[in-house]
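Order as written gives the chain letters A, B and C; numbering starts at 1 within each chain.
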Amino acid sequence: MKKRTLQRGLSTFWWVTIVFLYLPLLVVMLFSFNASNSAANFTGFSLRWYERLLGNEQIISAFWNSLVLAIVSSVMALVIGCLIGYGMYRHRHRKLGWLIVLIYLPIVLPDIVFGISEMAFFVSIHRHTGLLQPGLGTMIIAHVTFQIPFVALIVYSRLVGLDATLFEAAKDLYATPFKRAVHFLMPTLKPALISAFFLSFTLSIDDFVISFFTAGPESATLPIYIWGAIKKGVSPEINAIATLMIGAVAIAAVLSLMFNRKGRY
Amino acid sequence: MTTITTRIVAALGGLVLAGGAYAEEGKLYLFNWTEYMDPEIIEAFEEKYDVEVVQNYFNSLPEMLAKLNAGGMSQYDIIVPSNYYVPRLIETGLVQPLDHDKLTNLDNLKDRFRDPSFDPGNKYSAAYQWGTTGIIYNSDTFPDGPKSWSLMFDPEVNPSYPFALMGDGQVSTGAACAYLGHGYDCTGVDAWKESAKLLIDTKNRGNFSGFVDGTPSLQQLARGVTHVALSYNGDYMNFKNEDPESFGNIEFMIPNEGTEMWVDSMMIPAEAPNPDLAHKFIDFILDAKVGAQLSNYNYYSSPNAAAEPYLDEVLTKPPVQPTEEDMARLKFTPSLKGQELQTFNQLWNEVQAR
Amino acid sequence: MADMSLVVRGRAVVSETRHLLFSVMPGAVWIIVFLVLPSVYLMAVAFMTNGPYGQPQMPLSLESFRQLAGFGFLGWSPGNLYTLLRSLWQTLLSTVLVVIVAYPIAYYITTCREKWRPIMLLVVVVPSWTNQVIRTFGWMNLLAPGTPLSDAAQALGLIAPNMGLYPSNFAVTLGLVYNFLPFMVLPLYAAFEKLDTAQVQAAQDLYASPVRAFWHAVFPQTLPGLLAGTVLVAIPAFGMYVIPELLGGGKGMMLGNLVANQFAGSANWPLGAAGAILMLIATFAGLFAMRRIGKRLGGGEEVVI
């Protein structure tokens, strides 16, 4: 009897929390279809804000910047992070404390300290050498830096989870380390790599603070554009872009769930 | 698909070169205030010189300076700062001198813009537009609001309606100084300290809603987020004209205690990718007809004497052209440097933190 | 012969070392060049003098730390102290609130059928995948003056008439709780899933009241998850920039904003860098404390992150 009341209370609490979690996103989505400019009253359905998006060159270029930044940085982080993950596994019996510290550093550093250190560093280097001009290039560097640890840790934990005898078998089967990598390591790591890529991609798209501080004047991403638009005075166009981004995240969520079920890495 | 490939290749190229100067020929990068440029002028310029103009926008001068310091100095061709930032930009070497031989239209400027106090001899800058910063308020809320800063600073005049101050600390401090009777263009520790105290008390009142830049504050007012704020006369006219319904009950006024008059000037960053084209652009804007077209579009006063015959009538009346009486109340925001600037920054930091 | 084997072993060690270098070095060098060096540079900036227009200059000095402590040209003022206390208070408050919400949620998920659990976790986590700026913007829409929530708060007399729930310090707290809730639910869920039910049963027999049973049998077992969640919530909350900037309306400034401001308009790089150092010290102190407590509680290294 008591247990049932508790369970019912918890279930109610669960639904209230879900409403709390989704209400802000739903409001953004709802008002993206608002016919009027008002943020308080919904006056009718319209797609006019979406039409405006398509005509806005800044938004389109911000979209491309976001996409290119996410893809390029994720691929680079995948390569570098995968190597570290493998190195950590192969040499896990050595004392690699310094490496662990190094890898956790990008994760524990507060975003704002991360972003500002890099900004100050890039700006100073640029002033003295002309290199590292703030722009998409510096943003890619910053994003790769915070993606590497996640890739490395995913790859490492996948390798640790494997049966050690598999490696011995692979050693007998394939003569060269290269062949071993192509025929054994890559296929085994595939689910981990896919998941690491998606995680890096999501981290990149989701980041605002670090991008904001390392960006150049020409390399605004969608979140940076939205930030500027909010600062400039709230416009319903923001609702429309935000809705598209929320939609993309929802799709990613479904995909990740499907992968998780199948792959079970 | 090809677009994304080329873009990725370009990004990687940029990475390898670590983003050296990869500005393209035939592009002009314009860094301007929001809602400040007629798209048709841009089109005409693009057509005349067969180039492309890339526009970027800022909402406040601190924001502009920060972007300029973070690489913008070598990525923009034209910037449009206000008078009190001009000396700062010159002294830090962020801008380059203008080549007067390339500016045949410079003499079109009215006399008082030909040799401004903030840039003697127009060595570095050419005026773009001028205007005023005043109080915008909801006339339904304040049907007979006093022509005074007390709408913000006096809790008895405005006990409960939300209001915003200006994001740029120098303007907000000037407003507080004016209300306290030190004049908008006050300087000196004592006046500043007193106004910082007033600002701290004011921002801790229940109906203070934030430090907002001039153009967004108009949007907020129209949406009912605030009922009193600071904005610029031209933006006010522009918004009201575009959306008479939402802005119908919003008024602009110059308080009796005095407020800001500003001049925005075109300047060329020190390492602009295309200074030649930048000079052409400045000369283009200084043209009599283009200058008039610009003012007719954005409702700001033109510094251009030759443009006068082409100006719309609305530009000769308040609020675009203030009355003689109001004119006498307008002051430049002081240009700060050295120890003075640092002291001011500390006080403003304190206002924001408390 | 013995010499031979030694040589071979030596060679193997060399090749192993080379392997280690090749696999680990690119990433290690990357992080050192693009994160450790910049951080060290930033720390150096904190010990430089502020130039006339906010750029760091020689000579070295401790001026920026003095300024951070509130000693300016005009004597001592409490602004920065307020900012620091506000940051600490907001962090504490939002972490406690997050725990209060996350604890029952995590428990509830473990009581549901196994096939639903991953989906329920996903449902909790998905909002945090959208961009922070967008989420905060959603709250700006919800809490602005004239919205139903603000009207309700006015009717209840919680806020002044004509005002909205945003901008305010309350909005900042709400934004923080919203932002970090999933970070607490996940580790707590992991702790609940590992819960030793036999112990709980025994406790139920042993203690009469369910509250005491919970306190003695359930709570200690969830402590590692609670600690991990606290680290994941409190550290980023302390350095938060976006939420106070958008929802605070000039009243809710936190340490992150103080630091960021020094690199923007009212530039003072050394002061900003000094603020960043303070934030780093707080971060590492927090991590260290959690680790110590975690160890004392018998949890392993994995308690931290």
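By definition in this document, contacts are C-beta pairs under 8 Å (C-beta built on N, C-alpha and C of every residue); 3 or more make two chains touch, one makes a residue touch a chain.
This is a predicted model, so every value here is computed, not measured.
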Check your understanding: Comparing A-C against A-B, which pair counts more contacting C-beta pairs?
Key -> A-C
Check your understanding: What is the chain whose Cα centroid lies farthest from the Cα centroid of chain C?
Key -> B
Check your understanding: How many Å are there between the centre of chain A and the centre of chain B, using C-alpha atoms for each centre?
Key -> 36
Practice item. Indicate the whole-number Å distance between the mean C-alpha point of chain A and the mean C-alpha point of chain C. Key: 17
Review point. Tell me, which residues of chain C touch at least two other chains?
Key: 144, 146, 263
Point to revise | Multi-chain contact sites of chain A, meaning residues that touch two or more partners | key: 39-40, 119, 141, 234
Revision key, fill the gap. Chain B residues touching 2+ other chains are 69, 223-224
Practice item. Over in the complex, which chain A residues touch chain C? Could you list them? Key: 2, 7, 10-11, 13-14, 17-18, 20-25, 27-28, 31, 39-40, 80-81, 83-84, 86-88, 90-91, 94, 99, 102-114, 116-122, 124, 141-142, 144-145, 148, 152, 202, 205-206, 208-209, 213, 222-223, 226-227, 230, 234, 238-239, 242, 245-246, 249-250, 252-253, 256-257, 260
Check your understanding: Within the complex, which stretch of chain B touches chain C?
Key -> 60-63, 65-66, 69, 88, 91-92, 160-162, 165, 168-169, 189, 193, 203-204, 206-211, 223-225, 227, 337-339, 341-343, 345-354
Point to revise | Parts of chain A lying in touch with chain B, wherever the complex brings them together | key: 37-40, 64, 67-69, 71-72, 119, 123, 126, 130-138, 140-141, 216-218, 228, 231-235
Review point. How about chain C: which of its residues touch chain B in the complex?
Key: 50, 52-55, 67, 72-74, 77-80, 82-83, 144-146, 159-164, 167, 249-251, 253, 258, 261, 263-268
**Study point:** chain A-touching residues of chain C, taken from the complex the two chains share
**Key:** 16, 19-20, 22-24, 26-28, 30-32, 34-39, 41-42, 45, 101, 104-105, 107-108, 111, 118-119, 122-124, 126-127, 129-135, 137-142, 144, 146-147, 178, 181, 210, 235-236, 238-239, 241-242, 246, 256, 259-260, 263, 269, 272-273, 276, 279-280, 283-284, 287, 305
